[in-house]
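Note that subunit A is present in both complexes that follow, paired respectively with subunit B and with subunit C.
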Partner chain A sequence: METPADLDARIIKLISQVVPVKPEQIKRGDRLREDLGMDSVCSMELLSMLAEELDLDVGVEDAAGIRTVADTIALAARFLRAKAAA
Partner chain B sequence: MSKPRHLTGVATAAALDGGPQRPLEWELLAHALEARERDDRPWLWFHLGARREALSYSGAYALARGWAAALFQAGVRAGDAVAIFQPNSPAFVGSFFGAQLLGATAVPLPWPVVPGGAPSLPMGAEAMLRVARARAVCAPPGTAAPLPVVAEPSRGPFVQNPQARRTAFIQFTSGSTGAPRGAEISQRAAMSSAFGMARALGLTADDVGVSWLPFFHDMGLVGVLLSSLSVGFAVHVLRPAEVLLHPRRWLELMSSERASLTVAPNFGYELLVRRGGAPDGLMLGWLRAALSGSEPVLRGTIDAFERRFEPAGLRRGAVLPVYGLAENTLGVSFTRPGELDADLQLDGRWVPAVGTPLEGTQVTVRRPDGARALEHEEGEIMVKGPSVMDGYVEEPEATAKAFDRGWLKTGDRGVIAKGQLHVTGRDKELVIKAGRKFHPADIEREVAQVVDTPPNGVAAFSVLREEQRGEELVVVVELKRDEAFDVARKVRAHLVDALGVTADRIELVKAGALPRTTSGKLRRAECAERFSVGGRA
Partner chain C sequence: MSAAAVQPVEVAEPDVMGALLTGVERYLRSEVDAAQIDREGAVPARVLAGLGELGVFGVTIPQRYGGAGLRLTDACRLAAALARADRSIATTVGLHLGLGTRPLVAFGAEGLKQRYLPRLASGEAIAAFATTEANAGSDLSRLATTALAEGAQLVVNGEKLFVTNGRLAKVFTITAATPGLGGAQRGSSLVLLESGDPGLSVGREERKLGLKGSSTAPLTIDGVRIEPERIIGEPGRGADQLHHVLAWGRTLMSAGCCGTARAALVKAIEHTASRRQFGRTLDAQPVVREHLALMGARLAAMEALVHDTASLEDDVPGLLQRSLAAKVFGSDGASYVVDTALQLFGGLGFIEESGMPLLLRDVRITRIFEGANDVLLTQLGTHLATAPPPRRALAPLVGPDAFALACSADVVAAALDAHREELSARHKIGLLRQTRLLNRLGRAVAWSEALDATVRAVDARRTTSRGAAALFSEVAARDVANALAAPFGEEVVSSALADLEPGA
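Take a look at the complex of A and B:
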């Protein structure tokens, strides 16, 4: 069973693949745009990789409220819970 | 798709001629739509997740009348300019053509990739509205704008006067954020471009297109919307975000709809190679023209894409490299379906041929002294023909600089060889990211605002990725002090905030390490060479 810390680490690793920032320099509170320098194409790519890696059906509307690393993690956790419940 | 009727251009000494232009069925955008007033076939299928909505040709005409009425009620008259701030939707089509019916100039504004909250105008929009002298903006309800917002079509009388203004639309292109540069595209230029493209590819009403390019972009507007209108075929339209999030949807739609045509910049095909999944379950054998343009076309990407999906029936040669620019409405030269591969080897890399000019268009390559270059000799690409812009709106100086004795100076570098044009580089050293153009000077100026760096201590340029599979934006910053970690972070964050662009690589070097001229100016080309893959300083 994946722990919340595992999920954090996985998502931070994904982020570090999209923008050239080392995982250890990425904090949960970082904003994707203002702190990590992701433009809109990058942030969609991040969600796309996340959907693929975790096998989740993330929609365009779900992407709308994602501003920070923590938002991204929360989105993944929410989808994973829904998937487990289904 | 029928065989192109026209012969491809004939090469002389570094010149290509697309041949005479045949008459246009319609010279006004409004007339092209009006002619399909009773055509109930679907024109555009808008796909939103699992839902889809069709807009027929006749429906689009009725919708355009509704928007024309609403604009008229808002005080818009023939000769005015109207901004269009809409996603890929019936509302974009309705308001764009509503403006055309009134004889008003349409001014498409960039729509954000990621939807979120209340719609708000994009960065730099106020300057665009000011430059274009827009009178109103067609936008979703609730959009905050410095002008009257027209949010819905309505009923009521309006005065139809489509020939009232020469300029059909203004296409904002490569200007900086503060001083946007809008190409004025005449009715005739727009229709010439749409027909030129359809004729070059031999498109007919039986073709089926799939596209996710935004309609506010020249490739989406002219390459998809106007070209399909000109010959009357159907296009399945996706939102850009959908494809960025689920690249496979693009492939699935081409497969299920038996698409014969699709259009994208190089990075779109790269996305399909990296994240489009396996060829299993796809049937891409109908695809005859997968146009690749609007940013450098890379042979590595084309080969990888065609190889990956060959098991799904994708033909070798389905990807057609094309060349165009907003200043020529869109297309300059197109590779024709089935045309022989005429790539050129240059400095150890393969430069794809981008075909021959569209009908009525001439291309030459010039030396810096203005003389015509010889075949195989590199120079600036010059264009003349029916689709050339009238000029940059409200920018007489920039307009004068853009032309030389009747020829449009593209600012791009190229070679004519083997009877085809090859684009080898950009004079203006523009950085192109996902189809958007940036001036290195803008990027450098922004970076210099947040970092303590010597004069000309920042260099921005793009370099080829490994295997020629894309380009990345590199920013090299000279540091006066050792503050490495924070600087890279600060620079990256500031660039996305100020210009909306992500730097792929940020390199920090000691003060004085960047190559400069004796007068202290940067040598960007040398920087790019030094910092390209494997060539790190």
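Take a look at the complex of A and C:
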């Protein structure tokens, strides 16, 4: 069973595949744009990869409003809970 | 106020641009020779000075700094008039009014504005904007230029490419990575540099296909030391500010496309009315008549979309999105109109003296700079997929003159919306990686928005040609349906590519 810390690590690793920042330098509070240097296309790609990797049924509109690493983790956690409940 | 929030501009008298345009058009007719500018590779200094005296360089700069404080819609009318006479002049002025001075006007601190804007408004100083680098072209997030704190100063290092007004400008706004500034670890900032800053050097003039009178040169920034006050707006918020200024730049560039297309259309109308073949003038040939009508329809839609886009000046998210459509629709449209006009000139169109080769060379860059069209279309499609803007049906809102057109526009928009819903239900968030689909969606959005704008122009009686609008509505319906058709299969594309081995 994946713990919240495991999920954080998994998502941070995914982010480090999209931007040239080492996983150990990525923090939950980082903003995707200002702290990680992602443009909007890049952050959309991240969310799409995340849904694929975790096999989540995320809708395209859910991508709007995601600004930070913590937002990304919260989105993943929300959809993982929904998947477990289904 | 949020970092990228726009400072309000004072609104000038509504008829100021009309009066200015009369003088500018008279000046352009008597003093500007586009063929000479093209041959000599520069706009004569006396022409730039004359335009400065007319107030052209200050139209969008607030009155308290010596400008006219006019709106983006007014600046677009000016850009179109300049481009109709000469695209190099329009590019020089348009860059100055848009990317060149907009960062300072929208985000600059009062001290910085007082120091630079009066000279920029008079044209004594011309502005440039430099973001493109060897490895940061369409992908603006890969900036290698840095501005790093060292003691009480910032030290700027980097190389910029293809800087419009490069060899003319006294004031440069550049983008630089500013790690840590403003709390943004990988943030960037807009930084103001002056031509006299030690360490700043401008390279040689590029030799170009067209726009030969517009200066384009690389910039080397080698350890330029500046005070931190030279950062425009809030440090670390360069990406947000960049989106705003790019939207201005794209809108003004699209207005220039209207001017270029109008110049080509007028030439084509005159030529086809006088040239006789097969016992009648060319414009009596049904096929030629259809070409001319389609060119006029396209131009009417371009002008309507530019007007609608520029009217969104105070609605920054709206301007960002609509300017993507205006830029692609305008540059594609100008390319189409110029190319068709040249075709109607026949062999003469290939000869310099007809003026058509110059128009063709000058228009080509418009589909590349200010964002390559395919890149912008994908962005536009992504906008639509993630945050579809609410659209109210036009038919109940318009008067009888525009009612039938509004019904057509509503049908097109409904088809687009149904398609978007189907794609998002089928692909879910994976749609965001289907860039070929997003690109096609973007094209459909641009054409649908052009149709909406055309309907509004007819309703507001900004266009005199309801016929052109009606024809455009048929064109748009077909183009949108085509854009929404399924893309070519991945296997077909891949197997065709496999045949294209290097050296084949």
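The criterion applied here is as follows: the second predicted complex is superposed on the first by the 86 of 86 C-alpha atoms of A that agree within 3 Å, B and C clash if a C-alpha of one lies under 4 Å from a C-alpha of the other, contacts with A are read in each partner's own complex, and residues count from 1 in each chain.
Following the convention adopted for this analysis, contacts are C-beta pairs under 8 Å (C-beta built on N, C-alpha and C of every residue); 3 or more make two chains touch, one makes a residue touch a chain.
Quick caveat: nothing in here was measured; it's all calculated off a predicted structure.
Visitor: Could you say whether A:71 touches subunit B, subunit C, both of them, or neither, answering first, second, both or neither?
Guide: neither
Visitor: Which holds for A:60: it touches subunit B only (first), subunit C only (second), both, or neither?
Guide: both
Visitor: Using the superposition on A, tell me which residues of subunit A are in contact with subunit B and, in the other complex, with subunit C.
Guide: Of subunit A, residues 19, 21, 33-42, 44-45, 47-49, 51-52, 58-61, 63-64 contact subunit B in one complex and subunit C in the other.
Visitor: Using the touch rule from the top, collect the residues of subunit A that touch subunit B in their complex.
Guide: Touch residues, subunit A against subunit B: 19-21, 25, 33-45, 47-49, 51-52, 58-61, 63-65.
Visitor: Where on subunit B is subunit A touching in the complex?
Guide: Spelled out, the residues of subunit B in touch with subunit A are 49, 112-117, 239, 241-242, 244-247, 275, 433-434, 485, 489, 491-493, 495-497, 500-506.
Visitor: Which residues of subunit C touch subunit A in the complex?
Guide: 139-141, 177, 182-188, 236-237, 239-240, 378-379, 382, 385-387, 424, 427-433
Visitor: Given the complex with subunit C, which residues does subunit A contribute to the contact?
Guide: 19, 21, 30-31, 33-42, 44-45, 47-49, 51-52, 57-64
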